[in-house]
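Letters A, B and C mark the chains in the order given here, with residues in each chain numbered from 1 onward.
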Amino acid sequence: MSANAVRSRSGIHGHETASGWLFTGPVLFLLGLFLVIPVLMALWVSFSDWGGRGSPFSAGVHFIGFDNYSKLLAGGGLAEQDFGTSLRNNAWYVVLVVPLQTALSLFLAVLVNRAVLRGRGFFRTAFYFPSVTSSVAITVLWLFLFSSTGSVNKLLSYIGITGPNWFNEPSGILHDLLGVFGVQNGPAFLTGGTFLGISWWDWLAGPSVAMSAYIIMGIFTTSGTFMLLFIAALQNLDRDVTEAAMVDGANGWQRFWQVTLPQLRPTLFTVLTLGLIGCWQVFDQIYTGTQGAPDKTTLTPAYLSYQAAFQDQGWGQGAAIAFILFVIIVFFTLFQRWVLRERKVSRRKMRPYLSVGTGSSGVPAGAAAAGQPPAPDGERQ
Amino acid sequence: MQKDTMQKDTMQKGLAVRILSGAAAFTTVLALSACGSGFGGNATSTGSGTAGGGGGLTSSSSALTVMIGSSGNAETNAVKSAVADWSKSSGTKATVIAASNLDQQLAQGFAAKKPADVFYLSTGSLAGYAANGSLLAYGDQLKDTSDFYPTLVKSFTYNNKLYCAPKDFSTLQLVINTDMWKAAGLTDSDYPKTWDQLEAVSKKLTTGKQTGLVVSGQYERLGAFMVEAGGNLMNADSTQATANSAANVQALTYAKKLLTDGAMKFAADTGASWGGEALGKGLAAMTIEGNWITGGMQSDYPNIKYKVVPLPSGPKGQGTLEFTNCWGIAADSPNQAAALKLVEQLTTKSDQLGFAKAFGVMPSIQSAADSWKQAYPQLAPFMDAAAYAQGVPAAKGSAAVVSDLDSKLGSLAKSDPKTLLDETQKNLQALLK
Amino acid sequence: MSITQSTDTAGTKQDLVRRRDRNGTMAATSVLYAVLIALAIVYIFPFLVQVATSFKSETEAAQSPVSLVPQVWTTAAYRGLFAHSDFPVWFKNSAIVTVCVTLGRVFFDSLAGYALARLHFRGRGVIYAGLIAVMSVPGVVLLIPKFLVLNQVGIYDSYTGMIVPLLTDAAGVFIMKNFFESVPISVEEQARIDGAGTFRVFWSIVLPMSRPALMTIIILSFQGSWNELSHFIVSTQSPALTTLTKGVASLASGQLGGPTQYPLKLAAAALMTVPVAVMFFIFQRRIMNTTEGAVKG
């Protein structure tokens, strides 16, 4: 490399092209090799009859079209039923964890972010700590806390409640709730029809008691991370807008709903998206803990995919499950983006306050720190 | 606000860029995977000794790997020392690996074309691996197969070929805590001979935190009742599904009655992970377990006194389940000849009796039965069961069906036996198509 | 804190608002603290139980699962862990992988992030978009295929296979890129005019300036690789390569017929948490400010 004191503009650029590719080369190579190629290979496997011996590209492996997919989606057999069960389980997990963890983390962030608070560092640490520990360690702890003679049942016994044998209880909590009112069996129109091998009545069973323990765990471990994102966003809020609202006599509750929350929309979007993506991929906890038991009510698509491939030699089927899951995640992410799109109404409500200051900068950079693409603002130069 | 619209724009732009870049990435990868496929070509050349070929075994100087799914240190050490002895005498190096998840590690090994040479193989996994060509069917090359119990040989026969040599076997019987037995005023003459008697003693032994009979809530235990009633999930050759037979319904109905009466509980519902733990922790007066229970009791609950008696006869006489593993040899092993010799050594009477001593299994050869019974008279009922025990289904994919049934048996008390079994019947039939 | 300060009764609107706020604050603050403390207990208590139980006997763990002080202190669980399992091996493997991965990410992520932020070259836009696309692939889809590729490439069941696929992460590249874009370019330009090559500039001028962002990468990748499970499930099989996550998971799912052994499992879980906890407390301020810093930047 010669050191020219004076270089032409194009010279610099030509030089930079080489360095640019050289600098990004390792990352591109590794991501290509261990991310892009694997996905394509798995795509092939999901359309093949590869039985798990030797290379999936060897001569004896055939293209079998959508066979693996149709077995899962309309096979009528155990495969479809297992897949349906896993989707049911995971859907309830998502439905409960995503809103609850978002609400809780926002609540924690708002509390901790109070200007007057002493010991703020301590509280932030306490809430965030579960997020740094590994899911394996937390699951081990959870298995103990929620065992039949564990801490949770002991605490419940102090208030006169006999706790269930959490990780061994397959009954759905909504069914349990209906059972309290004497409803044991669903109406015929629900028990009659099935979807993915599961009757509608069973789709509506709610998460099993065992899954509920995982749900609590999910909320417990992720609320800290999202709390940090919300804190970051809160500290970045436009003080002027808030103060203008105060002058107008809006009380804390009104200020939160009409001023703070709308400004948090980008963060809210990030948190919901991250939550949604993460919650559809429950694997570590199941692998470490119940492995689908009891009565398959903690089976998740991610674990089923692993099980089909690595335990039952159904590699094509395992890969197909993974891709269906991929599609589900993409679908829900886009759906959510559509639901949370900007609406005129909310902006109009905010307008009187917004006129005071200029808009705040977005949160995406903070999102990046938590391992998420800085989706919208990232493009800015 | 302007900002909002700006953001929306960039979002849309971002989406477009993403789609475009996806296409770009795709083409890059096509180019890359073209290089990648070269590996596939090479891989085919190594597998010269194809499964079921029956002819020449591969032979080389490479060391053997033996992968086992171990129940604990006792088993690992026993296999290690037996293999080391063979190594010394044969001159072929061999190492033993205790897998943390045998099924998964075998699957990965086969896919990688770098499987362990010799490994434990369960009846449930045999068909799957035999079908995809991962296994060497070496049955016809064993010097003597007539000494193995015929039911065990049947368990490892797939498409009329004996794939591997039975390693050992276990059966289920009734295990009784003798102190609790006495405390309830029962004597040796009260050991249950019929289902009714079992029900009666179970009720008598149920007091406070102690349950009369505690078993794991799965086919692998309750199936004993099915055999006693004259049924089982599949026929002996695993070529026909018989899951919803009247006998099986009768068996599960009986089990359900025990549950609803409180005379029997599933281990999980008592907080124990298996029957032995329930027995050891004093939660159970009786359990149904196999001969492996001795090891667990000795190491974890040495103070519990217990006795093994035959399970009671059902409507169709005596019956129980038997479980077995075999020594699989990989089709892709570069040194099958040595692997075969190792397996022959490991299935000799002396080695099998050594394993029996170390971790409580029963030898797979009939000629070792008497020595075994002499050495362990208190466990004789397990060995006697060889005469009437039946195996678990071995059809391809049956493991998944059985585990599906197991998952539902957990709530047997609240469900209808016939419905459960109909479901299993449907799933088993699907496998046979 | 006295409330009597605002005795002058000047009745501007703002003063009214402030005073009303202050009066309400006393009660509100106590409620706030009560809620916070209750929540903090909920968050911390499980970990205290974990540590306490690991020093109990198995019977005591079942009998008094809530008490934080064992009646009889015993280190049996820890001794059992070291005597009857490969815990030291697992620990060693986790440490090796974590150190390599962390170093790798610091280097590769910052290198790529720098190129994307500063260098003008053909294809930059495509690379950037590609990275975003890649990040949207959920990890679970990769479980099976990663194994297939490791297998094809021939690095299955080796340290290489455990470490190399984790060496970069797209998110890290983004963090670095964002950081570099927030630093003024003048220093580098000076160096370039002085004749330093691109890599020289990056290595001796840019990197030393990037301590804050690098810390973020270190923290994230340390935590990420130490806690990683699924990649190690699919990339290894031999016991000698088992990491803590994989080993403890196998302990938890229990070898067939094993007793529950909660103290032992909790001891393992507690020990495996120690390094991340230490990391966490050392860099606490940094972690807590990670997101804030990034936003402000």
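Just so we're on the same page, a contact is a pair of C-beta atoms (placed from the backbone, for glycine too) under 8 Å apart; a residue touches a chain by one contact, two chains touch by 3 or more.
Molecules present, by chain and UniProt name: A = Sugar ABC transporter permease; C = Carbohydrate ABC transporter permease.
Worth saying up front: this structure is predicted, and the values here are computed from it rather than measured.
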| item | value |
| --- | --- |
| Busiest interface, counted in C-beta pairs | A-C |
| Identity of the chain that, by mean CA position, is farthest from chain C | B |
| Chain A-chain B separation of Cα centroids, rounded to whole Å | 35 |
| Whole-Å gap separating chain B and chain C, where each centre is the average of the chain's CA atoms | 39 |
| Where chain A and chain C are represented by their mean Cα positions, the distance between them in whole Å | 17 |
| Per-residue multi-chain contacts in chain B, two or more chains | 14, 17, 25, 36, 39-40, 104, 108, 111, 271 |
| Shared interface positions of chain A, touching two or more other chains | 33, 36-37, 41, 55-56, 147, 149, 309-310, 315, 375, 378 |
| Residues of chain C touching at least two other chains | 62, 130, 132, 134, 136, 148-149, 151-153, 233-234, 260 |
| Touch list for chain A against partner chain C, complex | 1, 3-5, 12-13, 15-21, 23-24, 26-28, 30-31, 33-39, 41-42, 45, 55-56, 108, 111-112, 114, 116-117, 121-130, 132-141, 143-145, 147, 149-151, 153-155, 220, 224, 228-229, 231-233, 235-236, 246-247, 249, 277, 280-281, 283-284, 287-289, 291, 301-302, 305-306, 309-310, 315, 318-319, 322-323, 325-326, 329-330, 361, 363, 365-366, 368-375, 378 |
| Contact footprint of chain A on chain C as seen in their complex | 13-14, 17, 25, 29, 32, 35-36, 39-40, 43-44, 46-47, 49-50, 53, 61-66, 108-109, 111-112, 114-116, 119-124, 127, 130-132, 134-146, 148-149, 151-153, 164-165, 167-171, 173-175, 178, 193, 195-199, 202, 216, 220, 223, 226-227, 229-230, 233-234, 244-245, 248-249, 251-253, 260, 262, 265-266, 268-270, 272-273, 276-277, 279-280, 284, 287-288, 290-297 |
| Residue ranges of chain C touching chain B (in the complex, touch as defined) | 62, 84, 125-126, 129-130, 132-134, 136, 147-149, 151-154, 156-157, 233-234, 237-239, 242, 246-247, 250, 254-260 |
| Chain A contact footprint on chain B (complex, rising order) | 1-5, 7-8, 10-11, 13-14, 17, 25-26, 28-30, 32-33, 36-37, 39-40, 43-44, 47, 103-104, 107-108, 110-111, 113, 128-129, 131-134, 268-271, 331-332, 397, 399-401, 404, 407-408, 410-411, 426-427, 430 |
| Interface residues, chain B side, partner chain C - complex | 14, 17-18, 20-22, 24-25, 36, 39-40, 69-73, 97-101, 104-105, 108-109, 111-112, 114, 271-274, 276-277, 280, 292-293, 295-296, 300 |
